[in-house]
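Two complexes follow with chain A in common, the first pairing it with chain B and the second with chain C.
Moving on, here comes the complex of A and B:
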């Protein structure tokens, strides 16, 4: 975009000066002047984050409970076991389904809400608050509410029974077919507010004259949305897709608090499976190997989405 | 703008990095050496963490009885839900900032936490003499010992293998406790016709699924479950396959409540039973405490029922679900022992507390009278003159018989199972219940998982 083009030009100019204007005979490359200033942060991030990743990578080659001395070195056996672990693949499948469904629904809802709020509807500020409130509520607070709501004798079934749809009443979080949709519903409820806010902010950047010109050319609301607003939102959508994908890979709180990854692994995600292996089952090495795989998948996904976004911008 | 030339900063950076590294090493170097006999034996503050007693009121009863004799030792009880126990305790113990005294359960927990526990053999000898092993229920000692070390002093034992029924509901609908699978289905039909839930189980929690499965297995072939646990029989033995088939029938016939595999025993099933939504629940002798007015009232309050009238609960034998004429025997372990952290700064006071609760007659009488555990010290029994049951006329005999029967139990409950095998049992139970696997397939998978977990089979 504009900013990156400018930065690129400036960097190119600096490279020209450095290569052509340096004093002959100077030994080695010039030391970047900012190093002392970033050193504390560098030490902290290398020490805490990258050391942590490296140590997790080391642990992933062990058969270890996390406490006992003398862990057994396994090499890559944990990784090969993961490749044959049906629960791991189930977790991956859930992650993909979860990402696709939550991203699509949140995008549609967020976009529609943003468009409606820009239409200066009555009590708009009130609706904005209503849509955004779930974002600030902690999942640990809401989980018991949802557990109760979706229980066999919960509010959802009560409502269904009182509107003549009693045949649809069922134990929503107690059966494998409906537990994952419940988790996705809760996530959509929780995070649509963020999608809405980002789209709402992005829409304020659209030049009103473009929309005005479209109106003069006879474009209706739907045509303006599809042909002008939606294309202008591409950068925001890419960012949301990236956040959604990484969020899906990191999903832990809602499935753990509402269904504990069950029933029968029906809502198992990589996060809950890592926890299950590492803490209750004490397979710290296996859990570390799962964590490394999670990290690699997250990086690849982020790079893939970034690449796809740039291609789409071109 | 440069405040200092880079060349002058370089040594400073090196010093900073070195200082960070050294401080990190120093922090890591605070190893968990034993702090034997640290602190005073008669005063101080000790922190006790446990998943049981499952309510603070019971723990406070023990503590206040202890404080009558040792007023200068303050005991803080922290109740941790059993599902969070490992996650909470492991980092707390490893950091050295955790509890001075913590609950220990036979089986998987002993192997996980034995390295943090002080050997309590000297404490037992000091309190009970050289013949201390003869004075304590043997089921408590074996399960809490590992590597020649007594990791915790047994407080009391629990036994399972029975159902608890809501006496008021059964009386209201003129029902008899089920003796067979057909009876059980009939009771459920009657209750459902009257819009009352029949049997509630938290089938998402492995420990409670194991109880029901072990009871079914005891009905199919007494002792088979224990043999599979020790490796003397295979988990895909035809008897276990039949057990899983009956387990599936409990779901298909509507004995189990809808959505049982998404239920936790605590709090879901427990709350549903205590609030009168269901007529039966699978709980062990620890549930005897709710036969008392005091504990039942507190439990109802904890379940969110204000001003509710306590109702009488009654223990009944697990039905002969296999129809083979086998009365399902009970099984049990030490419920919990009290371990002392080897990183505690208050070990002397902690030993005083543990010694009193586990070996003193007053401490064990307090345990017995709560009816949460059967005391580990031989010769101590509940004093029913001081225990107020909700309905003594209907409860006193069944409760007394239950305690008498439990004292003769020798079949272990969970102490033979590792965490991996327990996880595999849960997987088998839920996959059969949800129809994802046949009983035979689930049993075969369970057998493979047990072999992978290191169990040696004959």
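Moving on, here comes the complex of A and C:
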């Protein structure tokens, strides 16, 4: 989602086209009106989403259970309560750790898989399908599988016991220390396919003559990877960082279904916390204030990464 | 070839590395299938398939996914055409309004949509899920498609205009056929996003008649009071259509689902 760099480049390209063709400074024939064409999209998307955000903003100033009439107006009190809410800060901390770990591991795995596939190993097509199938499967359908797999009497402990590592067997999702790593494992399992496919495609774009030249100078495969291929793919890496960061902020399905945000909030994310406050606890006003904070964080982060990405490209 | 590994030992080492790396990816899939066949074996599957109304989940998911796709496709193609090739004052303002929606987590919409759906009588209908799902897919679909249409030469559209074709004809005879490659990507990621969505059906669909396949595991936790093997069998059955769809359209899926980060 490198939106602004893309639109920036696009706008530049269009200007060239419009002012080209031997008529410098003059635009082509006047185009017919386009507003009616974009209206359905605006009504559906901008209409529904901004209505929702505006409404959430209003609800966030209330002390409300979502049903009873005449809710009490609180002004900014929900927000100041959030600032002193330890669970909120824990959710933020989890999101940061989760993003850093999943992004780094996915990048390394995706990169190595892409390299291995380019080295034309045997059964490559089969490996690719196995890495990509998780992208397609719904997290909510896989959740019971992972609950089963990481259970005290589940497959993982069974394997550990049978390869002589029985001492490592433990209740993975039932204890605070291992629950978050389990959630991260599941996310990495789910999304490495995308990282891999993108790096694979980016590698095919690299000019072979550059690599050839490096080889002539005696650079080995590893050297070529580090000093030529990796820098060439910076654009892909930035885009993946952006996707990963937004994905981390949106995280809901996996922690909600596998660990219910627990044990003891150990896998609480903003998504699960907002859901918990809004639906089961009926603290709709408080949930709405959390939503607004989440939205602001997401927007600021997208803008920040966008600027960082643009500077890196220069 | 990007990497040259000529020596025999080198190739074997790479093969071993790949195999070790693939194990954690394969393991959950094996655990799923093994667990589904544990205990009563194939009977787990017939028990799941025999539950009345099981087929209903698939039908509902299909209805929702297809409607979302049609809605997103139509609205996106029109908007992308308007943004790319027609005259709009403050065009970039509208575009940025749309792009800002890209970062929106769906959980933010829960409370307002719940209240509004209840008022409008949309709660517990397909529309309560279809409309927000489509609304969340449109911004990115428009971004991708606008970039694509921008790369089509303006002369093409001008020539059509000179020949007396209005915007509508230009849309039908130029935009629709020429955007096929990008439309495939849009359709695939919209399909997967709506088919796999969990939160909206969870909150907005109450009657079992309307619920989607992503709610199947919970349904079976109730139905078989925690008989793990049956729950895993139901997971296998619900996963099969997705795996088949992916295997038969591999390249489209890989391109469509990676579109999120393609430049």
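By our rule, the second predicted complex is superposed on the first by the 281 of 314 C-alpha atoms of A that agree within 3 Å, B and C clash if a C-alpha of one lies under 4 Å from a C-alpha of the other, contacts with A are read in each partner's own complex, and residues count from 1 in each chain.
The criterion applied here is as follows: a residue touches a chain if its C-beta (ideal position, glycine included) is under 8 Å from a C-beta of that chain, and two chains touch if they have at least 3 such contacts.
Since the structure is predicted, the reported quantities are computational estimates derived from the model, not experimental observations.
**Q** Determine, under the contact definition given at the top, whether A:38 touches first (chain B), second (chain C), both, or neither.
**A** Touch partner of A:38: chain C, not chain B.
**Q** For A:119 in the superposed arrangement: first (chain B), second (chain C), both or neither?
**A** second
**Q** Does chain B (first) or chain C (second) touch A:175, or do both, or does neither?
**A** After superposing on A, A:175 lies in contact with chain B but is clear of chain C.
**Q** Determine, under the contact definition given at the top, whether A:129 touches first (chain B), second (chain C), both, or neither.
**A** In the superposed model, A:129 contacts chain C only, not chain B.
**Q** In the superposed arrangement, which partner chain does A:189 touch: chain B (first), chain C (second), both, or neither?
**A** second
**Q** Just checking: does A:212 make contact with chain B only, chain C only, both, or neither of them? Give me first, second, both or neither.
**A** A:212 contacts neither chain B nor chain C.
**Q** Name the chain, either chain B or chain C, that contacts more residues of chain A.
**A** C
**Q** Looking at A:65 after the superposition, I want to know if it touches chain B, chain C, both of them or none. Which is it: first, second, both, neither?
**A** Touch status of A:65: first partner only.
**Q** Check the residue A:279 against both partner chains and state whether it touches chain B (first), chain C (second), both, or neither.
**A** Touch status of A:279: both partners.
**Q** Taking the stated contact definition, name every residue in chain A that is touched by chain B in one complex and by chain C in the other, in rising order.
**A** 31, 33, 35-36, 40, 47, 66, 275, 279
**Q** Could you pull out which chain A residues touch chain B in their complex?
**A** 31, 33, 35-36, 39-40, 43, 47, 65-68, 151-153, 170-176, 179, 259-260, 262-265, 275, 279-282
**Q** Considering only the defined contacts, which chain C positions touch chain A in the complex?
**A** Result: residues 1-5, 11, 14-15, 17-18, 21-22, 24-29, 31-32, 34-35, 71, 74-76, 78-79, 81-83, 85-89, 91-92, 94-95, 97-116, 131-132, 134-136, 138-140, 142-143, 146-147, 150-151, 153-154, 158, 161, 166-167, 171, 192, 195-196, 198-199, 203, 213-217, 221, 228, 231-232, 235, 238-239, 242-243, 245-247, 250, 253-254, 257-258, 260-263 of chain C touch chain A.
**Q** Which residues of chain B touch chain A in their complex?
**A** Per the touch definition, chain B meets chain A at residues 2, 4, 6, 9, 13, 16-17, 20, 24, 83, 86-87, 90, 94, 112, 115, 203-204, 257-264, 268, 277, 419-420, 423, 427, 430-431, 433-434, 436.
**Q** Taking the touch rule as given, give the residues of chain A at its contact with chain C in the complex, in rising order.
**A** Going through chain A, the ones touching chain C are 1-3, 6-7, 10, 13-14, 17-18, 28-38, 40-42, 44-53, 55-56, 59, 66, 109, 112-113, 115-116, 118-122, 127, 129-146, 148-149, 154-155, 185, 189, 192-194, 197-198, 201, 203-204, 206, 208, 211, 215, 221, 224, 229, 235-236, 239-240, 242-243, 246, 249-250, 252-253, 257, 270-271, 274-275, 278-279, 284, 287-288, 291-292, 294-295, 298-299, 301-302.
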